[in-house]
């Protein structure tokens, strides 16, 4: 597989998550941060990791939301809530992951993540 | 609901995860650490959180494994790998969560978690 | 003890920290984030943990401020500075905890926490 | 104040925490790690921070224990449990700090810290 | 060496990083947070640590940027990008450190740090 | 560039760090953890990141050591100390990075990292 094939495959996974228009807007935003960053997100994070078999993409995104809740990355949490909703996760499922994380990352982690969720309308 | 009803309900959830013998061994181990700690795990973590509707228990445990991978808590990761396997998660599904976390908590987090998985036989 | 008794006992501890009006405002804010989150804060964090004997509540809050300083949770730090002041901690005592944390969580953690303190008037 | 006066003042604070024999053993252990590290612990951590007025040293050590519990530094936690006990903290007070941290750093942080406490006899 | 000599030596290192006017503005900002905090930054962080031989100051600042990227301290990251640029680091070198940290602190850490870099003009 | 070309290019970078025999031993150890993990380390971490222009590989490794010190990943720190020494970093330079991190990740982070360094002979 060539690099551009890897890029295209990863880019399609992001479209599956967000729809094509929002995926392109997200890609463009990353490109303005750093062109190589956007390329690595598509080829490595999307294609190499999210594109793997063995676990469905909705469960993968709920796991990412769990990780971002305990790590305290509110901007990235907002980004991934969008992606999870786009892959069929319900708001209730996301809330349940965030509530459960109070026992693993602490109540302040859950409080901050619920604040992100509250400010989030899709 | 009384406190002892909450305890029994939480304790049953742990049995569902591990089978009764291993659940009692786990509870006893926690009691020797601190009796109140064991009580809070059963009433709060098991009953209040894992016992909620809205998300199946296997997905909840995969989310916990994601969180423990990025937080770097190897002993707790081993504990929760057992629980996830007991709830129907496959070793492949757990490996996929751990591999994916390389993009969210870094490759050292995944390396350490794969080492825990390697030392783990059920 | 029933669940509603646990809730009332926890809710009274928050009133002790903040006064009744501010406690109700805080509870209402949590309820809008998620009703279950507010219930768990009162029953579990307030009643099960802060309500325990063995350590006075002012020392407990100074320990929480230490933890939030090193974890980097500025919104929660602001919330707990209010509670600590309401339990008789002085601004100097809080500053001392924050300064000391420079040796345990690093100078950036202390810098960020001093910024929260500076923006905080009670 | 000269550097050697700062060193002696800091070194005396460690003796207050541990007794002279254990303080010298601890200092020697740090010196074998790196001579400058030991010097900075005495002059900066002990003298500049623990030596400050405004908060008693026992409360300072309980705050350090809170921080180390949520940060996940088991070796350092063991070191500071010794120091806290030497400054008049009781084992119960330390256990209370560790239990409370379950709400701020998560149950795995408390579990790991209780394991350190269990293995600790003074 | 007296305390005021240590202060002056540390303060000169900050001037080397930022130029005298920006160094004084930075010192004044820290003093308003807490006078002792500013003193400890100059005597301990600047003089005791950055002032050591054995590693050049530009490499030291790139290492600090690596640490702040994975720790998630955006305000402090902005502060240290200024200092690194003032010591001869190029924007490309800083971007390379931040991109590389995606493998050690995760892509969300790099995304947040690139956002800080984007908002930063010197 | 094909995937196998990316793999070979990344694998050569590891050989540059460690020498061929130690690089193959390290690769084999990763393969037993998970074949895909080893492949991603070579193609993504080694080729995509360490293989980039814009910053020399010794400085990159010192930055990684800074990050691992503050993150608290002792096994990975040992792995990267070997790689840094193999790329021309001196033990003194590594010690300086670790000492400096006391101001950014706290003294416990530096203490733990010095313990790793002490146990490390190449």
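The letters A, B, C, D, E and F name the chains in turn, as written, and every chain counts its residues from 1.
One rule holds in what follows: a residue touches a chain if its C-beta (ideal position, glycine included) is under 8 Å from a C-beta of that chain, and two chains touch if they have at least 3 such contacts.
Keep in mind that this is a model prediction, so the values were computed, not measured.
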Once the contact rule is applied, which chains count as partners of both chain B and chain D? A, C, E, F
Could you work out which pair in C-D, D-F or A-F copies the interface of B-D, where over half of the contact pairs coincide by residue number? D-F
State the pair with the higher C-beta contact count; candidates are B-E and C-E. C-E
Nearest 5 degrees, what's the C-alpha rotation angle taking chain D to chain E? 180
Per the C-alpha means, the centres of chain A and chain C lie apart by a whole-Å value of 31
If you average the CA atoms of chain A and of chain D, how far apart do the two points sit, in angstrom? 40
In angstrom, rounded to a whole number, how far apart do the mean CA points of chain E and chain F lie? 23
Listed in rising order, chain E residues that touch 2 or more other chains are 36, 40, 44-45, 52, 68, 70-72, 95, 99, 102-109
In their shared complex, at which residues does chain B touch chain C? 1-3, 36, 40, 43-44, 48, 52
Applying the document's contact rule, which stretches of chain C touch chain F when the two form their complex? 70, 102-109
Given the complex, residues on chain B that touch chain A span 44-45, 49-50, 52, 54-55, 59-60, 62-71, 92-93, 95-97, 99-105
As the complex stands, chain A meets chain C at residues 72, 95, 99, 102, 106-112, 114-115, 117-118
Which positions of chain D touch chain F when the two form their complex? 30, 32-34, 36-37, 40-41, 45, 68, 71-73, 75-76
